[in-house]
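Structures for review follow.
Two complexes follow with subunit A in common, the first pairing it with subunit B and the second with subunit C.
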Partner chain A sequence: MRRFVKRSDIGIIIGCIFVFLLFSIWNPQQWFNWGTISNVGQYTAILGLLAIGQTFVILVREIDLSVGSVYGVVGITFLGLESSNVSVLVSFIVAMLLALLIGLVNAVVVIHGKVPSMIVTLGGLFFYRGLIYVTTHGAVAGTPQPARENWLSQFFGGHWLGIENGFLLVLLLAFLSATALYQTRFGNHLFALGGDPASAESQGVPVNRIKASAFCLSSLFAGLSAIVTLANNPSTNVSLGTGMELQSIAAVVVGGTLLTGGRGTMLGTILGAFFLTAVRSEMIALGAPPSWYIAFVGIALLVIVTINTLLAKRLKAA
Partner chain B sequence: MRTTDGAADSRQPLISIKNVSLSYGNFKALTDVSVDFFQGELVGLVGDNGAGKTTLIRIISGINPPTSGEVYFDGEKITKFHPKKAMDLGLECIQQSIGICDNLSVGRNYFLGREPVKRVLGLPFLDKKKIREASAKVVHDFGLRDTVDVDDEIALLSGGEKQTFKIARAVTFRNRVIIMDEPTNHLSVRERAHVNELAVQLKQQGLLVIYITHDIFQIHRIADRIVIMENGRKVTDVPRDAMSADALEGIIRDGGRAPSKGPKVA
Partner chain C sequence: MTKHAPRRLVAGILSLCSLFTGAVFAQTDHYRFIMVSHIGSNDPNMNWLTGSMKTFEEKYPGVKTQYLSTNEYSLQNFIAILNQAIATHPDGIAVPILNSQALQPILDKAISSGIPVVAFNISDPRPVGQRIKYLTYVGGDEYLTGVKLGEHVVELANAGKIPKPTRVMVANHDATHQGLKARARGMTDAMKKINVPVDELIIGADPAQARSVMQSYLGTHKDVNYIFCVASWSSPWAYSVADQMGLKPKLADKGLTIVTVDESPDALEGIKDGKVLECNSQGFWLQGYLPMEILYFNKKMGMSPISDVVTGPIIIDQTNVDEWIKFVKSVVGEEAYKKQLTW
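What follows is the complex of A and B.
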């Protein structure tokens, strides 16, 4: 019990139960509506995938501000290849390789260039967005009909027993990521690096390799998130993914992962993504204009992090 | 082969430092240092802040390569300096503030960097049972509180318990060299005595113990040999019985230039 209360994601677990019950009682018709469930599931998947990748990076005391633009550039590459009659499978592989390459570039500049990740990935945020504008001249074609019907598009964008495949995918990947974090040497090294880099290195933890893996995972998850988005909703524009980097960081932090690294859970991250998505959906259902969402993210961030901090202090004193 | 001052020994040294220098830009942290360390020896490495003790240890433990000079381990020249390589050779450095991650459990810290795995469906997963059982045994054998649960975060241990834990970890992984960097700083009198006792026990088990400290009187009681450094140079290297603690303190106080009392050393 003591360990349960000390979990870093205790705040978001309570928060999710609270909003779930609140919406169930307050507005059951719209909350238990099939359209709402589908929308919330799909957007939780998109934000959740980005946030899983971001969690790896934040756990090692770094940050990835480029994921919104990576999401955009990988998605647009995927679409562009499909429109040029490249098969969906090849488009997918090339797009994911691009994501991996971007992650490697981030890692190399941070590790060997010794530039803070906030600067490196801020550069990435502008550069990859700019690349989208330059290469598309501002116009992006939708997915051609045959590609939409392709099995891979259906795998990422379809649904199964009424549940969005993207949502099932994010649950599966969150589970695999959590397993990697808690049940493998990689995970132990990642937490050690985030907790105390000098100590981790003194015990022979390959710190550079672990950090590089975190950046690559972040980019790969951002790319996958874009592909899930486009497989489900085939029309887009050049602003694809704008602002998503900050939403992903918000989901991670609301989920209880500390920006100072070394402490956090994948469950918290997924619940963080669900929490932000559920409240947004409900606010819209209650008639608030969609633009309120971003203001709400700010409030939720402040409230939940303050609660987490107070809880942590009280537990330390006890 | 050049022998160290005062410690002429026909045995092959376990670690041999030959004419090592290290510069950070224009700053010379070490200048032409030569010193040998032997198996089964407890050597006190003493000197003021900035004398070069820690720099020397950083070279020995593979964190920094020397700018010039050579390092031999068990007669073999070290060409690649990396902490992992030093660990593989059986060398562990116990530093005051480094070595354990407060956010990990006692068991996970114990196996950090050497985690045992078991294969499930061909994939390597942490062997949590082994982590728990092996670390619990060590915690018990080294006299830590019985209430310490190896699944608890290590942050719950006291300063002395953390030092004891680090020593226990270093010893049980069959290390040959234990370097203790100011291991008794910030410890209570009783904890200090316990750590010093452990250092002597390790030496008696045949390990080489290099003990870095400011406290010449404390180290003079337990060391076999004392090496004094000053301004990046080795200024004294004598068997413990050759000089009194007071005389050694005089050397440190005078900055290694003119030993005021005791026998003159090279």
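What follows is the complex of A and C.
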């Protein structure tokens, strides 16, 4: 029990149990409706994928503000190639290579340029969004029908036994990411670097390589999230991904990962994405104006982070 | 009434242009006018405005026009660009009144320093005596857009051609945009006459989020049978959500009906394919051209129109959509038209 309470994601686990029970009692018809489950599952998958990538970066005491624009630019590249009759597979590979390249650029400027990641990725947020506007002139064509029916589009955007493939994919990738964090040397190095960079470096942790991997993973997950979105629903706009960077950070922080690095879980991140999505969906269903959601995210952040801090202090005192 | 609208619009453009033409005015005057706009490169409608300003420049050599815009839905950024434009002391400014309270002090200062201002696309909704002292307003009437689209729905429903509205959801991507709010208000007032409730839903600009929000709302508001998308690019999103939820958004199925705005390829092809009931034109081309010409004649001869120049709405539906598709393709080009299609 004591070990359970010490978890960094205890706040979000309690939060999720609370909202699940609350909605089950308050609005069971809507909450257990298949349409709601599918809707919450699909958006949790999109936000969850972004947030998994963001978790790697935050764990090493950095931040990636460019993920919303990376999500946009990778998605629009994917669509653009498809509508130019490039095969879906090649479009996917090129789009993901672009994501990897962006992650590498972020990493190189942060590591070798010694520029804070907040500044580098803030620049990326504006630059990639601007690139979308300049290259598309405000219009993004939809995906041609054959591309929509392609096996790869169906793999990312289809269903399996009525469950969105995107949701299954995020669960699988969250599990693999958690395994990488807790069962591999890479994970050990990541936590060590986030916990105490100087000590990690003195113990031979390849600091630059670990940081670069975190930024690359962040961009790759953002790109994958965009492809899951567009494979599921190929009609989009240049506003694709607007504001997603802050939502992804909110999911990670609500999920118990410390912004100071070194502590966090993938389970917490996925639950954070689920919590934010489920509460918004129910707020709208219960008749609250969607604008209230923004205020709610602020309150949720404060409440859950406070729960985490108080529990940590009590344990320390005991 | 609406069938010959594109021809009438072109005729209107030509007659207005000819009003001001003449060799005497083609003499070189070195003025610099700025259009500060919220319609940026993230919005294909920008091409109407920049295209018509180019035509103006060709007609009045020596007069330079400049198009400055934000690329996101942010009033704060818009104000920053407007302030920068005023600081360069141009000979005139055309500006949409996105928020009259916020823009009043800035524009009052510009006007009192001798910079003439023309409002375009979105007017100050207050009465003439109380509104910002711009020369005139050139643009559609945002409130009237909602009213006319709503009235057209009622008219067709009464004729038994489409289902009678039971509840309308307005899908709005920007809670701070006065013009979009006015469209929603217009639809609300049109529906009020037949006692149909209207809910405004702020869906956000990101497509995935917008779909999720709409799906949550439609899941609990089963009586909604009309969606009014206040931007045409969100109409395919509304359609796909309704389709996935089994709400039968195809017009022929007489389930949920989608109404939208603007003569964009998405709206026009949606109407042609029977996925969207109607949209409107607010005369975007004129909104780029006329403010420049009004500023020119104000600067040169002190002239200004005695009333606002209302350029829309003109309703587009199945009866006139083919003509509009031809017209829009002739302005933006076949290739650009195809590129703007997101269905």
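The rule we apply is simple: the second predicted complex is superposed on the first by the 318 of 318 C-alpha atoms of A that agree within 3 Å, B and C clash if a C-alpha of one lies under 4 Å from a C-alpha of the other, contacts with A are read in each partner's own complex, and residues count from 1 in each chain.
The rule is simple: a contact is a pair of C-beta atoms (placed from the backbone, for glycine too) under 8 Å apart; a residue touches a chain by one contact, two chains touch by 3 or more.
Note that the structure is a prediction, hence the values are computed from the model and not measured.
With both complexes brought onto subunit A, simultaneous placement of subunit B and subunit C is permitted, the two fitting side by side without a clash.
Put simply, if you stand at the Cα centre of subunit A and look at the Cα centres of subunit B and subunit C, the angle between them is 140 degrees to the nearest 10. In the superposed model, A:R280 makes contact with subunit C only, not with subunit B. In the superposed model, A:Q42 makes contact with subunit C only, not with subunit B. Once chain A of one complex is fitted onto chain A of the other, the partner contacts of A:N233 are limited to subunit C, with no touch recorded for subunit B. When both complexes are overlaid on chain A, the residue A:S199 reaches subunit B alone and has no touch with subunit C.
Looking at the shared chain after the overlay, A:G162 reaches neither subunit B nor subunit C. Taking the two complexes aligned on chain A, the least Cα distance separating subunit B from subunit C is 36 Å. Interface residues of subunit A, counted against subunit B in their complex, comprise 183-185, 187-189, 191-192, 194-196, 198-206, 262-263. Of all residues in subunit C, those touching subunit A in their complex are 40-47, 71-72, 173, 175, 201-209, 211-213, 215-217, 219-220, 233-234, 236-237, 240, 245, 336, 338-343. Against subunit A, in their complex, subunit B makes its touches with residues 61, 83-84, 87, 93, 95, 97-104, 108, 111-115, 117, 124-126, 128. By the touch criterion given at the top, residues 30, 33, 35-36, 39, 42-43, 46, 129-130, 132-134, 136-142, 229, 233, 235-244, 277, 280-282, 284-287, 289-291 of subunit A touch subunit C in their complex.
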